[in-house]
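Accompanying notes for the structure given below.
The letters A, B, C, D, E and F name the chains in turn, as written, and every chain counts its residues from 1.
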Amino acid sequence: MSTVKLVEEAVANPRVRAVFDDIKATKKIERVPNIWRALATHPEHLELCWTRLKAIMRPGKIDMLTKEIIALAVSVTNGCEYCINSHTAAVQKLGLDNDGLGEVLAVVGLYNQMNRLADAYQIDPDILPKVV
Amino acid sequence: MSTVKLVEEAVANPRVRAVFDDIKATKKIERVPNIWRALATHPEHLELCWTRLKAIMRPGKIDMLTKEIIALAVSVTNGCEYCINSHTAAVQKLGLDNDGLGEVLAVVGLYNQMNRLADAYQIDPDILPKVV
Amino acid sequence: MSTVKLVEEAVANPRVRAVFDDIKATKKIERVPNIWRALATHPEHLELCWTRLKAIMRPGKIDMLTKEIIALAVSVTNGCEYCINSHTAAVQKLGLDNDGLGEVLAVVGLYNQMNRLADAYQIDPDILPKVV
Amino acid sequence: MSTVKLVEEAVANPRVRAVFDDIKATKKIERVPNIWRALATHPEHLELCWTRLKAIMRPGKIDMLTKEIIALAVSVTNGCEYCINSHTAAVQKLGLDNDGLGEVLAVVGLYNQMNRLADAYQIDPDILPKVV
Amino acid sequence: MSTVKLVEEAVANPRVRAVFDDIKATKKIERVPNIWRALATHPEHLELCWTRLKAIMRPGKIDMLTKEIIALAVSVTNGCEYCINSHTAAVQKLGLDNDGLGEVLAVVGLYNQMNRLADAYQIDPDILPKVV
Amino acid sequence: MSTVKLVEEAVANPRVRAVFDDIKATKKIERVPNIWRALATHPEHLELCWTRLKAIMRPGKIDMLTKEIIALAVSVTNGCEYCINSHTAAVQKLGLDNDGLGEVLAVVGLYNQMNRLADAYQIDPDILPKVV
């Protein structure tokens, strides 16, 4: 259960409501996800988070499915339950089926293992990335 | 400095050499990266790791650049120096420029923040992913 | 559900009961929190943990609210559900309202992001702390 | 060594230079820390990060020393070398001596231990925080 | 709740059924644990994971109880609920009582603390391990 | 480089010197490891850490090699460089050769992967551990 009372859309103040409306319009969804309703207990922080997320989570050099896959990889590596559920739903909505999801998670699992082995043996980098 | 003596290609036993040769042929590289030379101190584990990595890190439903981007996202989230260097070099070799890298890392940074906020407020999932 | 049977105060042995009594007296609470009832399955470890916690969690150069805020920041970064709930309750009891909590978590979220970006770009330290 | 070429102040484009100037003026420092010079390889991300950091890292309900202590607690828990150095220097500059630093780190160490024990025994929360 | 529909043993395809049968025979259990039923949504990944796990989780230089204790230490440090439950059950089945479990977790808790303190003070290694 | 000036044995105050002497006598070593010299900047914390470590790191139901293996598994999972070096040296001193070390790290790597997959698919526990 959340540690703060989630802000109801109906009783949100104008500053919060503006963000809530933008979230629903941008994401084409009917109701505001719980994470934003929790952040709304501190309206300035809500704005800072949403503005930045909106600026980053739009297609650029990297397409939206890849961005959501990155978000899922990060969330799985951090073990964040809310975020794993949210980004799994997002990649499914963008068309990734169970086969594709299995492949993504195979890579996530693989490198969580390889990361530990590289750390375990305290391996020095081979070749530094080409700094340009 | 690594905690075990890295196995030299020239003096590797046949079992290790077979894996080393396959690594160089598959990755089209001239010398065996340090991580594999450390794993070679336990030849069976070397085989298990390489066989599995080779089966996962090939194009499927997910292309190679996306797979390397996932590997980088995992490595950054775990803070693994060797792996960050290695996968940054890999995505650069596959054509990602500094702009693309910046976008990838912006998403990685964003969701490391959002993961903590979701955990911090102990938010319950909104809608579970469609289980199919 | 806990992986061991929590020790009931009524049936605790004298060694455990002495710690339980001290916990309730020190924290001015009516019943022993679950974590201590689990640790009581190994009485020596219970004593070691409680003695050390009691020595550290008292006002010194750093006041109690700041210490509980640090505990919350650590627990959020580790994603520990029990601890997030416990330390959120503690900072609220010490007077932090939702605005203050929002500010604390904004800092926690921000630096989880900045940590990853610093790791991602493998940045060398600028100026070392003044070693005194 | 950083994975991208750090942007030199002298050759930064106007958008980057504006942020660099603001960083130096706000933090009252002579040169731009390396993390910002790395982020400058993606000027939009640099702006997003700096704007958000500046909005959060100023005195509010929580004073600056406490905010830097939170940043240090997060950075230690994540094991981020750059950030540990940077925030240790910051708390020292704000007046925390070795005794105070020792107290802060004692709390950080303590709760990294307690977090794992709470997870290890899969303890259910005692009393939920008062949701207001 | 799992993000994919767990594969039922009765309707598994032959490739999946072969792995399921091997899991039950190897582990001497009556039904396939949930994690394998989730991985079965991607049969090739199921095979890769099971083959590798089976090769590693058998007595060698290190006995099975120690291997399960390592698995528990890793799972606690990562805070993985499913895995903590599974490996706690496994060490109990192999004969570890609450006293032994308490000792194991005391060590896990202790070094999660010491790890953070070593990172916090940015301590250089004393003596490198003997590289052989 | 450490963020505090390591305390020299020769100039330590009596309280610190008593701990230093006990560390050297208990561990049968000639000089005090760096981590304790850093903790000595806060003598009370030094005592608390050493007393607790000494009480836990002695043979009990679990032998010393297994305890050092647990410490290594935790340190690798946290990616703590100082601790990985220190506990690798410790297991080698207690007789573990490269084959044994390879087996230990294979288990550590395997469960870092399995932990992420269990989290990724949000698997519910199968059978709860027998609570006794």
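The rule we apply is simple: a contact is a pair of C-beta atoms (placed from the backbone, for glycine too) under 8 Å apart; a residue touches a chain by one contact, two chains touch by 3 or more.
Just so we're clear, the structure is a prediction, and the values are computed from it rather than from any experiment.
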item: Chains touching both subunit A and subunit C; value: B, D, E, F
item: Identified repeat of the A-C interface (over half of residue pairs identical), from B-E, A-E or B-C; value: A-E
item: Label of the chain whose CA centroid is most distant from the centroid of subunit E; value: D
item: Subunit F against subunit E, contact positions shared by both copies (same if over half, else different); value: same
item: Farthest chain relative to subunit F (centres taken as mean CA coordinates); value: A
item: Centroid distance [mean C-alpha coordinates] between subunit D and subunit C, Å; value: 20
item: Whole-Å separation of chain centres (CA-atom averages), subunit C against subunit E; value: 27
item: Between subunit F and subunit A, distance of the C-alpha-averaged centres to the nearest whole Å; value: 34
item: Touching two or more other chains - residues of subunit E; value: 1-4, 39, 45, 48-49, 52, 56, 77-81, 84-85, 88, 98-99, 103, 105-106, 108-110, 112-117, 119-122, 128-129, 132
item: Subunit C residues touching subunit E - in the complex, by the definition given at the top; value: 3-4, 39, 41-42, 45, 48-49, 78-80
item: Subunit A residues touching subunit E - in the complex, by the definition given at the top; value: 79, 84-85, 88, 98-99, 101-103, 105-106, 109
item: Subunit E - residues contacting subunit D, complex; value: 72, 76-77, 79, 81, 84-85, 88, 105, 108-110, 112-117, 119-122
item: Partner subunit A, residues of subunit B touching it in the complex; value: 1-4, 33-35, 38-39, 49, 52-53, 56-57, 60-62, 66-67, 69-71, 73-75, 77-78, 80-83, 85-89, 92, 96-100, 103-104, 106-108, 110-130, 132
item: Residue ranges of subunit A touching subunit D (in the complex, touch as defined); value: 1-5, 44-45, 48, 52, 55-56, 128-129, 131-132
